[in-house]
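You will see two complexes here that share chain A, one where it goes with chain B and one where it goes with chain C.
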Partner chain A sequence: MVDAFAYVPAIVLLPFFSFLVALGGGKYLPKGGAFGGIAATAGSFVLSIWVAVTVLGGRTYNETLYTWAGGEQFELTFGLLIDPLSALMLVIVTLIALLVHVFSLGYMNDEGETGLPRYYAGLGLFTASMLGFVVADNLLMAFMFFELVGLCSYLLIGFHFRQEGPPSAAKKAFLVTRFGDYFFLIGVVAVFATFGTAQFAGDGSFPVLAEQALNGEFDAWTPLGLDVGTWFTLVGLLVLGGVVGKSAQFPLHTWLPDAMEGPTPVSALIHAATMVAAGVYLVARMFGFYALTPTTLAIIAFIGGFTALFAATMGVVKEELKQVLAYSTISQYGYMMLALGAGSYVAATFHLMTHAFFKALLFLGAGSVIIAMHHNENMWDMGGLKDKMPVTYATFLAGSLALAGIFPFSGFWSKDEILYEAFIHGLNEPLLLGGWIMGLLAVPVTAFYTFRMVFLTFHGEPRSALARDPEPVRWNVKGPLSVLGVLAVVAGFVNMVPVQKLLGVEGIDLLSQWLDNEFGGIEGVGYSAYNDLLATYAGYEAGTIAGSEEITLIVAAGLGLGLAVLGLLVAWLLYRAPEPTEHTEKLGGAKDVLYNNYYQDEFQVWLAYRTEDVAGGANVFDQGVIDGVVNGISSVSLAGGERVRRIQTGLVTHYAAMLTLGLVALIVVLGVTGGWF
Partner chain B sequence: MVPVEWYLILASAVFCIGLFGVLTRRDALYFLMSVELMMNAANINLVAFALYYGDLTGQVFALFVIALAAAEVAIGIGIILVLYRNFGETDVTVPTEMRW
Partner chain C sequence: MVDQLPQWAALAPVLALAATGLLLLLIDAIKPSARSNTSMAVTSALGALVSLALTVWFVVAGTGHEDTGGAIYLFADAIKVDTMALFFTAIFASVTALVVVAAHDYFHDHESPAEFYSLVLFSATGMALLAVANSLAVVFVALEMVSLPSYALVGFLKKNRGSVEASLKYFLVGAVSSAIFVFGISLVYAATGSLILSDVAEGIETVDGLAGVAGAGIVMMIGGVAFKTASVPFHFWAPEAYEGAPAPVSAYLSSASKAAGFVVAFRVFTEAFPIGASISAGIDWVLAFGILAVVTMTLGNFAAAVQENVKRMLAYSSVGHAGYALIGLAAISAGGSSNDAVMGAAMAHLLVYGFMNTGAFLFVAMAERWGVGRTFADYAGLAKRAPIACVAMAVFMFSLAGLPPFAGFFSKYFLFMGAIDNGFVWLAAVGAINSVISLYYYSRIVKAMFLDDPSSESALDAVDVRPTGLYGAVIFAAVATVLLLPGFGPVIETAEAAAAALF
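Let's look at the complex of A and B:
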C-alpha cells in the first residue's frame, strides 16, 4: 500500500510547477499555460481527496521534513501537519483552485486578454502558497507562506497594470495586509522566545507548552516579568494582527473592496479559498493556544461581530456587483471570527467551508454576468438577465440563498450554528453577547443586500442595450458554476447539528465528528479537546434560556431564519419591480456615509499623514546616524588608502629598503620577546 | 679545526656587503651580483653548520641553493635584457611606471 502522506508535498509542488511552466514556457503553450494549471490543480485535488480518505481511515501525519537552520535553543524547520482540519482545507482549496482555473478559460482566454502566462503563473503560485500554508506544521513556516500568499495577491490584483486602478489597489492590499503582518512577525518571534518551538501539534508543541506553563509545569520565558497569562494574551493579539489584516477584519478591511480591481476569477480565489481564508484558518490551526486566553477570544468575537454588521451595512448601497460581494465577504469572515471567539471551532470551520463554496460560486456567477455585460459591472445597467442566462441565474440564486442563510441552503446551517454558539456562550459573557447581537443584526442586512443584488441583476426589465443582448457564456463558465451550485445547496447537510439535537437523529453531524477526531486525529487537537481547554482556562460554559436546550435552539434558529426572511422580503418589496428605482436616496446623509465606506479610507490616509513627524524623524535618524556611520567608515578607509598607497613609489630600491627594514624590525621584535638582550 | 663562529662572521660580512650593494647601487647588474653574494653567505652558513653537527643535510641544501641561484640568474638576466631593450639602459631608478 502506497502511503498517501508521502504525496502531500506533491499537492503543494504541483501548482508550483505549473507556476514555473507558465512563467517559463507559457508563451509557447496553447491557452497561455492554462492546461498546465488545470492539470496541476486537478492532480492536487485528487491527491487531497486521497489524503482526506486516509485521514478518514484514522491516520494522521505530523512530521518535520527539513531543518533549514538549527541552534542551541531552537530549530527552524519545514514540516507537514495533516489532521482532519488541514485535510478538509486541502480539499476545499484544491477544488476551488481547479474550478477557478477552468473558469479562467472562459473569463480570460475567451475574452482575448493578453499576458495570460503571467496570469496563470500567478494563479499557480497563489494556489501553491496557500496549500503550503495549510499543511504547515509550525508557525514560522505558516508565516512564510502567509507572506507568499500576500505577494501573489499583489501580483494578481495588479494584473491589469497598465490601467490606473489595479496597481494602486494591489499596492494597497499589499501594504494594509503587511501592516497586520508586522504584528504577526513579532508574534512569531515572541512564540519562539517564549516556548523555544513553534510547532502546532504534538508533544512539545507550543499550545501544549502554554497549557503546562499556565499550570506551572513548564517554565516559559516572559518579558519584563509579566504574568504568563497576560503575556500569552499579548502574543495571541500579536498573531491576531496578521489575521485581522489577511481576513479583512475591522480596521484593516479597507484593502479588500479595492482588490475587486483584479480579474474576477482571482477575486473568487482570494475570497473563497486562499488569502482571506488564511487568517481564519490560522486561528483555527492554533486554537489550542487561543483557547487558553479568554481575553483574546472575547476580542476576536467582538471584532468579528462588529465587522459582520459594519461591512454588511456598506454592502446595502453599492452599485457594482463585485463591490456588494466584496463587502459580503468581509461580513462573512466576521461571522467566522465571531464563531472562533465564541469558542466554536467547528462552526467556524463549517462556515469557512460553506462560504468557500457559495462565495466562489457568487464570484464566478458575477464573472459570468460581467462577461455577458462586456465588463460593465454597474447593477443599474443590468436587469432581466434571468431568462437569457438560466444556468448563471439558477446557480447565482442558490449561492445567494446560501449567503442570505435561507433554509435549507448551506449558509443557513453554518451561520445558524455560529449564532447559536455565540448565543449560548454569550449568555454568560457580555462581550460575546455583544458580538452575537451584532451578528444577528447583520443577518437581515445580509439577506437584504444579497437579494437587492439578485433582483437588480437578474429580474425586472433590461435597463441597457448590453443587458438586452448579453454575450453568451460557454461550458467553461457553466461547468464550474454548476459544480459549485450543487455544493452551495448540499454542503450544509454534512453538519445538521440542530436537527440532530431536536429530532434525535444520530450521525448527521459528520463535520463535527470529523473535527472531533472520531475518525482519528492528533491528541489534543480537536473539538472536544478545545472545549475542555475553553471550559478550564477561559471559563466558557453554555447557557440556555428557560433551562432547555431545545427551546434555546429553536429560539436562536428561529430568530436567525426569521430575520433573514425579513431582509429578503424587504428586498423583494423594494426592488422586485419591472423598473426598480433607487431607494437608497431615502437614507439621506446616511447613504453618503455608507457609500463612502464610513470614510474609513479617508481616516486612514489622515492617520498616515499624522505619522509624518515620526516618519520624518526616523528618516533623519536613518540618513544622518545610520547612513552617517556607514559612509564615515567608508570615507575613512578611502582617505587612508589614498595616503598609504604613496608608499608604492615604483622604485625597486625603495622596495628593497622596505624589505630590509621589515627584516630588521622582525629581528628586533624576536630579540626583545626572545630575551636576547 | 676552525671554530664555527669564524664562519658565521664571514657569512654575515658577505651578506652585509650584498645587502649594501642592493640598497645603494642603481645598476641592475650590480643587483644581480649582490643577490648572488647574499645567497652565498647563506650557503656558507649551511655548510658551516653541516660541518659543526656532522650532518650532510646542510650540504645538500647548499647544492639546492646553488641550483636556485642559477635559475635566478637566468630570470634576472632576462629581466635586465627587457629593461635594456625598453629603456636603453639598466638603471633601475628610471622605470618607475609601476606605482600608484
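Let's look at the complex of A and C:
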C-alpha cells in the first residue's frame, strides 16, 4: 500500500506550486490563478485527511529529510513530524485555506479587484508557509517558516498598496511581529547552544534532553553558570517572545486590529488558521519543554488571561464590523494561552480548532456583509440585513453563538474546558487563579460585544440606503459559509469531557483520546506524558471545591454559561431595538480610553521615539568615535600607500639596486639567525 | 587504465601544449598570407583545452597518485609527474584557454597576431614543464622557457611606447633575477653535489661545514622564485609590465606565470630542502618566506589602495595575492600537523585566483577594446551599458577581496585556517587585515560601475561593440568563480593530497 507519509511534502508543495503558477502565469489564467489555488489547497486537504486517517490507524512519522548544514556540534536539518497534533492542524489549515480560496472568488474576482495574480500568489505562499511550519520537526525549521508566514502576512495585508492605510498596517504588522521574532531567534540559538539539537520529538530531542538535564542525566550548557531550571525558563520566555508577537498577545497585539486593512478573506486566513494560530501552535508543539518550567507556564497563563479580558473590553466600543472581530481574535487567543499556561494542552488545541472554524466563519460572514454593503464596514450604517441575506445571517449567528460560548455551540465546549482547567489548577496557584478570573470576566464581555455586533448588523431597521438594498452574494460566498456554519455548530461535540464526567458516558472525548495517543502517537509527546511532566516538574495538581469533581465541574461550567447568557441579555436589552442608539456615552471617560485602545498605540509610538533618542546617542557615538577611528585608519593606510607608491620610481637601475639590497638583507638576516658566518 | 599507457604518456599535457605551439608556427609558415586571427585562436584554444582535458583525466584516473603506484619518474629522475604537477597544469591550461579566446577580440585589428598565440603556447609549455621538473637544471631551463616568451609578449604592441618600455624593464629585472637564481643553483650544487631534488635533500642533511654556502644559495633561489611570483623585493617589474602589456598578457602573467613560480617553490623547497634538515643545518628558509609574505601582501595592498589606474591597481593586488599564497610556504614547520592543509590551501587559492584574476584582467581588456579609458573614474556608470560584464567584474572583485559566497572566500578561509592550525596566528592576522584593506579598492570599482554616474552623457558611447570571445571568456571565468564554491570540496581535497605527497 502506498504510504501516506510519503505525500506529506506534497501537502506543503502544492500551495507553493500554486504560488509559482499564479506569480508566473496568473495574468494568463482565468480568474487570476484562483483555480490553481483552489485545486492545490483541495489536493492538500485530501492528502491531509489521508494523513490524519493514517495517524488514526496508529502510525506516526518523525524523520529528518535533508541536512543543509552539518557540523561537529550540531546539524541544521529539514524534516517532518507527523503526530496527532500536526495531523489535526494540517486538516484545519488546509480546510480553511480551501474555503478562503473559494470565498475569494466571490470577494475579489466578482468585485472586480485588480492585481489578482499577486493576491492568489500571496495566498498560496501563505498557506504553504503555514503548512511547512506545522510539519516542521525542529525549532529552526519552524522558525524559518514562521518568518515566511510573517512575510506573507505583510504582502497580503498591504495588498491594496496604493491606498494609504494598508501599506502602513502591513508595515506595522511586520515590525511588531518582528520585534517578537527577534527574541524567538535568540531562543532558537539558545536551544542549539544548550542542547545541540532543536528536534521537537523523539529520543535526543530537546524537550527530552531538558528533562534529563533537570534530573542531572544530561549536561546542558548554560551561560554564566546559571542553574539549568532558571536557564530553561529564560529560553522558554525568549521563544515566547515570538509567540506573543504572532499570536497578538499583550503587549504586542497592536498590529492585529490594523491588519484589518487587508482583504477580508486574508483576515479570515490570518485569524483562523495561519499567522495568529502559529504562535499558539508553537507552544503546543514544544509543550514538553514548557511543561518543565512552571514560571514560564504561569506567565503564559497570566498573559493569556489578561489579554482575553483586555482585548474583549476594547471590542465593546468598536463601530466597524471587522474591528470587533479583530479584538475578539486577540481575546480568544488569550484563552488558548491561558489553557496552555494552565497545563491543558488538549483544551488549547480544542479551542484552536473550534475557533478556527467559527472565526473563519465570522470573517467570511463579515466579508459577505461587506460585499452587500459595498465595502462600508460601519455597523451603524447597517441594520435589518437578516431578511435580505438569510444564509449569511444564519451562519453568522451560529458563529456568534459559538464565539459567545453559548451551549451547545462549539465555542462553549472548548471555552468551558479552558476555564475549568484553569480553575482546578488555579486553586493551588495564585497566578493561574488570576488568569482564570480575568478569563471568566471576559466571558460576559465577549457575549456582549458579539451580540451587539449581531443586533446592529442584522436586526432593527436599515439605517442607510445601502442596507435597504444590499448587493446579493453568490454561491462562492454562501458555500464556504454553510460548511463553516455546520462546523461551528458541531465541532464542539468531538470533546464533551464535562458530559462524560457528569453522566459517565464513555468515549465521547474523542479529541482528548486523539491527543493522548490513544490511537497511536509518538512516545513522550501526548497529553498524559505532559501531565506527568507537569505534575513532576511544575507541581501542577488539580484541586476541587467541596471535595467533589462533579460539583467543581458544575460550578465552573454554570458560572461560564451564566455569564455568557448575561452578556447576551445585556446586548439584547441595549441594542435589540428597531432604532438602536449609541450607549457608549454612558461609559463617560472610560469610553475614550476604550475607544483609543487604552492608548496602547500612543504608548508604543512614544516608546519608539524614546528608542530613537537612544539610537540618536548611539548614532553620535558611531559617527564620532567609531567612524573617527575607521576614518583615521583609512587615512593612515592611504598615506602609507602613497609612501609605498613612491618606491616605484620608474628607473630600472633603482629597481636592480633595491632588489639586490633586499636580497642581501635577507641573506644577512638568515645568516645571522642560522649562524653561517 | 593508465597502466596500459607507456610511462612517457604522463607528459601528454605538456606535449599537447608544445605540439599546439609548433602547429601554430607551421600554419603560419605554410600560409603566411592566408593566416587568420580566428583560425589561430581556435587552434590554440583547442590545444589548451586538450591539454586541460588530459590533465583532468589524469587527475581523476589517479596518475602519479600514491594509490596507483606513486609518482612517475622519467629521464633519469629529471621529470616527476605527480598530483601537484597535474593540479598546476590544469591551472596553466585553463588560463591559457581563457587568454587566447579573449585575445581573439583584443587583437582583431593587429597586423600579425600569429606570433602571439605561439608565444603563449610555448610559455605555457614551459610552465607545464616547470610543474614536473625534478632537477634544478630542468627547473632553470623551464623557467627561462616561461620567461623569454613573456618578455616578447609584454612588448607585443611594438608601436606602443608603454608596452615596449615595460618589456625592456621586465627583461632587465628578469635577467638580474635569472642570474641570481642560477648562481644560487650553482652554490647549492657546490654544497650538496647534486641537481636531482631528492639527492639535494640528502646532501642538505650532511651539509655541515658548507651550511653558509648552501644557505646563500637557497636564499638566492628564493630570489628567483620571488621574481616569478612577483613578490617583494623582486616585484618591481610587475606593476609596469602589467600596465604596459596588452591586457590578455597581463592576465596571463599575473595568473599563470605567478602559479608557475609557486609550483617551483612548493616542489623545490619541500623536496630538495626538507624543513627539518634545513633548520638543523641552520637554514631557516621558512622564516625568509614568512618575512616575504608579510612584506609582499602589505606592500601590494597598500600600494593598490592609492592607484587611480585600474590595471595598475590589479597589478598591485596581484602582488598582494602572491603574499597570501606565500603563506603556504611560510606557515609550515617541521612535523607540523597542518602542513599539507596550509600548502594545499595555497594551491587551491592559486586555482581560484587563476579564474578570478584572469577574469578581472580580461574585463580590463574589454574596456580597452571599447576604449572607455583606464582609470576608476572612466568606469563610472559602465553597468548601465554592459550590465552582464559588470556583474561578472563585481563577482571577480568580491571574490578577490575574499567575500562569501564566492570561491575566493573559501580558499582564503582554508589558507588562514591552516596557518592558524599550524600555529602561525600572526600570519593569518596580517593576511586578514590586508584583506580588509583590499576590500576598499576592490569595492571602488564596483561602486564606480554601478553607483556612479558617467562623467558626461557621451562618455560611454565608446561601448559600441560586443566582443563575443572576450565576453565568453569573462563570463566563463565568472561562472567558474561562482561554481568553485559548491565544487570546492574536490578541489581542496586534490590540493591537500598533492601537498601531502610532498611532505
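What we mean here is this: the second predicted complex is superposed on the first by the 615 of 677 C-alpha atoms of A that agree within 3 Å, B and C clash if a C-alpha of one lies under 4 Å from a C-alpha of the other, contacts with A are read in each partner's own complex, and residues count from 1 in each chain.
We adopt the following convention: contacts are C-beta pairs under 8 Å (C-beta built on N, C-alpha and C of every residue); 3 or more make two chains touch, one makes a residue touch a chain.
Given the structure is predicted, the values throughout are model-derived calculations rather than measurements.
In the superposition on chain A, contact is made by A:648 with both chain B and chain C.
Touch criterion met: A:657 reaches chain B, while chain C stays clear of it. Applying the stated contact rule after C-alpha superposition, one finds that A:606 touches neither chain B nor chain C. Judged by the number of chain A residues each one touches, C leads among chain B and chain C.
Of the two partner chains, neither chain B nor chain C is touched by A:621.
Residues 645, 648, 650, 652, 656, 660 of chain A touch chain B in one complex and chain C in the other. Taken in their complex, chain B has these residues touching chain A: 19, 22-23, 26, 31, 92-93, 95-100. Taken together, the chain A residues at the contact with chain B in this complex read 645-646, 648-653, 656-657, 660. By the touch criterion given at the top, residues 634, 637-638, 640-642, 644-645, 647-648, 650, 652, 655-656, 658-663, 666-667, 669-671, 673-677 of chain A touch chain C in their complex. Here chain C touches chain A in the complex through residues 168-169, 172-173, 176-177, 180, 211-212, 215-216, 219-220, 222-223, 232-234, 236-237, 239-240, 281-285, 287-288, 291-292, 299, 302-307, 437, 440, going by the rule given at the top.
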